[in-house]
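Two complexes, one shared chain (chain A), two partners (chain B, chain C).
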Partner chain A sequence: MPILSGYAADFSQGVLVTLELSVLGWVGALLLGTILTALRVSPIRTLRAVSAAYVTVFRNIPIPVQMILFVFGLPVLGIQYSLFASAAIVLVLYTAPFVSETLRAGLNTVASGELEALRALGFAPGPSMVHIILPQAFGTVVKPLGNVLITMIKNTSVAALVGVADLTFTSNKASVDQAQPFIIFGGAAVAYLVIGLVVSRLVASLDRKAAFSR
Partner chain B sequence: MTTVTLFDKPGPRARKRHAVMEVLSLAVLGAAGFGVYRVLDSHGEFGAAAWQPFTQWGLWKLLAEGLGNNLRAAGVGMVLSLAFGALLAVGLLARRKAIRVPCRIIADVFASVPLLLLLYFTSLVLPSYGLKLSDFWFLVIALTLYSSAVIGDLLRSGILAIPNGQTEAAQALGFSGLRTMQLVLLPQALRSMSPALISQMVILFKGTALAYVLGGYLELLRSATVIGTYYSRSLLQAQIVAAVVFMIINIALGAVAVAIERRERRRQGTLPSPDQVPEVMAEVPAG
Partner chain C sequence: MKNLRFLAPVALAATLVLATTACGSPEAAAPSSPTQTFPADSTMSKIQQRGKIIVGVKFDQPMFGVKNPVTGQMEGLDIELAKLLAKDLTGSEDNIQYIEAITANREAFIQQNKVDAVVASYAVTDERKKAVAFEGPYLESGVSTMVRKDDTSITKADDLNGKPVCTATGARAAQLLPTIAPKATLTLFGTYSECAQALKQKRVDAVVTNESLLFGLMDQNKDEFKIVGDYLASEEYAIGSAKDDTAWHDYLDTFLKKIEDNGDWKKAYDKTIGAVRPGDVAAPKITL
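The block that comes next holds the complex of A and B.
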């Protein structure tokens, strides 16, 4: 179809942006989520409260609202990043609480006897967390974390709200320009479907490995 | 939200260390808070000029109208997607492959496509086929397409969790397959899945904010933006008010979900149930 030939480049560019946002968002969300979890179980009451407050606030404000606030609201205060960076940051801010809550559920499954054993073996709280507890917690929540990741990949589309040329944005633009909405949206849907399938396959195989080790 | 105490009761030395760290982290938190305050204050965000528009009744009415539109869309979307989700669940459990496979494809496709893409799709494609609907319906249709797929799968696993004896008993009593579904299986699945369904409601409610892209649909986020165009001094304030309102409603819905889940837990044994829903899934609506 000649009309669509010009679209192929845009389409692959859109897929690329979506993938970039996904990778950046996930790395950031895992980091921030882990930190939040560590704060949440720390013996310091202030840190626990900070983590709980963060999770409550950022989990319950819809991501479109956060995106618009970040991109159109914060420049009032002189805080402004590129659109792509803003989208990635908001994605991290919004996803981290979900990562943290999931991880905390995993932490709860690690037997407290193990902690006592570590204590008896002379492990300090910090190292026992990093070397023994967290790896196990991650192991038990591979699948739920995978679900968080898949949801986050879908949430990358919210970047289109502020004009980041991701898959959703380019599809919409192309449908307006080229009047072939069925083919274009269908193509985008297939792309999201494939990304989701690949990710869930990866998660499943990772989970099998984790299940073997536990 | 229980706090796990990961470590033993601290001894005297650890307690002293914790006290020091407590003070330190409070100081850091205070400093950070003060920094934020300074930035906000230096731009006059606490000034009377920025908040003056909020003394007008009409502005609150605009925000309330926006919120009402969010709630209405979420409510209608939820009712519709419960209905279609139940249908889809029946289809997903059908014995005939010709019914089951298409239902599976529908459920998987619509659950894995972003809501925003669906919203663009409905608002662009439906009008070109002569369906001149309002923005409200574009939003509701997009929400329903997505949410029916999710709810269909939820109800399917809810039904599968019910012991086979129930179906057999219903059939022995002379219920037809459809009646068994309608009178015996679906009500129980709805009940056991209610925490997850409320989480889905939260996701729907959050999703209504996407209607911002339609431009013409006055939802809460759009109301805040409209206020910002009239009173450019108050854009940030209006957005923050909108964000806080969204937050409060979602916290309330989340609390309801947790309360229901706890009640269901207590009923355990009389109903097949939340064991099937991993806690993580029920408590964390990852929308």
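The block that comes next holds the complex of A and C.
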């Protein structure tokens, strides 16, 4: 495959950027998503409303639209990040609501009496949430969260829209330069598939561990 | 029922869409009145029997092929040429079906016979010559550099080194730049209007692409930008068609020669690129 080998360096760079976006996006989305969930079940009404509003807005705007708005809209207000940072931030903003909703479903499986029992035992709501309730909630939703993660990995391809040289972007560029779209996008499809398979395996093994502790 | 009230406009819209498509469906192409006859199995004759030509064009490339968002009409040099082609084959310039051919799928469209020809600001390159046949060129132009009007730091190709430079994915400029200004950092967006936006916001310091497109951008953003320096490279735009269809290739070349000689090419050029680009441009020699 002389075509692919000529682009091997670009291609592996593209895979690397996709992986970087995936890791940054997932860490950020887990953090923000957990915070959103905690706010959503907080006893303070304003916090619940803020969380619900955030989820509604960011879950319902398509990620390409958010990406373009972030990259070309925010600079009008004087806020400008690098293209890579913009793509990573948008991934977090967009994915967090899905993490939050999934986690909330997990939270509902934890008996509500537990939180009341903890309160009766004198635990503050914050720490009891972080140390006792949330870990249980996470344990029950490992697989659904895995789905959110895999969807997010595929969503990293939207970064190509704003010129971040990820796997989709480098494939697009190579296919245009070489006038060989099938072979090159075929290669990209295989690369995404491999990443997805590895992640599914990791999620499955993590779920077995979580199931054991349940 | 109260909760369903919001559905009313949706239902109305759906009805309207159905109604318009229903009215639209019996729409037949204007009767084909061919002026020339061709062998029965040739592409030309197939187009005449079908009554319309299927052309792959850009929908988002000002000056070449763009769908006017206000009127919904297709505009640009490529469109004018496609119309002339339809008229030459079928007798009416309305007998065209436009298919959006983005940069990345032009070869595929030709190879899979989804289109009869691609007229989509298609620059001739050696790699592309391996995949498709070219007719023309119908435009000789060059890759130029556009900067912000108040920027005096870039006057020639060499000045691009160390600067962020924008062009669109798939543009030949993206392939050229590493050899012309190796230290320039390339930012690639999907469209040139995004490049123009990035240039305004100082995310990049220059936009590099075919000058016709740059003149189009300057026309859209009055007094914001200027073009500096000489051509970074010359570029030839041609019609693309299936590689093994020599009769179709020869017909298209003859057609281009004809419109260049009878003044139709000049009219098409003046109406589109000529309207924003200063100076006269001669019709190129048909060499492909």
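Everything below uses one rule, namely that the second predicted complex is superposed on the first by the 210 of 214 C-alpha atoms of A that agree within 3 Å, B and C clash if a C-alpha of one lies under 4 Å from a C-alpha of the other, contacts with A are read in each partner's own complex, and residues count from 1 in each chain.
Throughout what follows, a residue touches a chain if its C-beta (ideal position, glycine included) is under 8 Å from a C-beta of that chain, and two chains touch if they have at least 3 such contacts.
Not measured: the values here are computed from a predicted model.
> Chain B versus chain C on the shared chain A, clash or fit?
clash
> State whether A:83 touches chain B only (first), chain C only (second), both chains, or neither.
After superposition on chain A, A:83 lies in contact with chain C alone.
> Compare chain B and chain C by how many residues of chain A each one touches, and report the one with more.
Counting residues of chain A touched by each partner, the higher count goes to B.
> Regarding the shared-chain residue A:178, is it in contact with chain B (first), chain C (second), both, or neither?
A:178: touches chain C, not chain B.
> So in the superposed three-chain picture, is A:107 touching just chain B, just chain C, both, or none of them (first/second/both/neither)?
first
> After superposition on the shared chain, which partner residues are touched by A:162: those of chain B (first), chain C (second), both, or neither?
second
> So chain A touches chain B in one structure and chain C in the other; where do those two contact lists coincide?
72, 76, 161, 172, 175-176, 179, 181-182
> Going by the contact rule set out above, which residues of chain B touch chain A in the complex?
1, 3-4, 6-8, 10, 14, 18, 21-22, 25-26, 29, 39-40, 43, 45, 108-109, 112-117, 120-121, 124-125, 128, 205-207, 209-210, 212-213, 221, 225, 228, 235-236, 239-240, 242-243, 246-247, 250-251, 254, 278-281, 283-284, 286-287
> Looking at the complex, which residues from chain A come into contact with chain B?
40-41, 43-48, 50, 52, 56-57, 59-66, 68-69, 72-74, 76-78, 98, 101-102, 104-105, 107-108, 112, 115-116, 119, 125, 129, 133, 141, 144, 147-148, 150-152, 154-158, 160-161, 167-168, 171-172, 175-176, 179, 181-182, 185, 188-189, 192-193, 196-197
> Going by the contact rule at the top, pick out the chain C residues touching chain A in the complex.
Residues 103-105, 107-108, 125, 127-128, 130-132, 166, 169-170, 174-175, 187-190, 194, 197-198, 201, 203.
> Which of the residues in chain A come into contact with chain C in the complex?
These residues of chain A touch chain C: 72, 75-76, 80, 83, 161-163, 165, 169, 172-173, 175-182.
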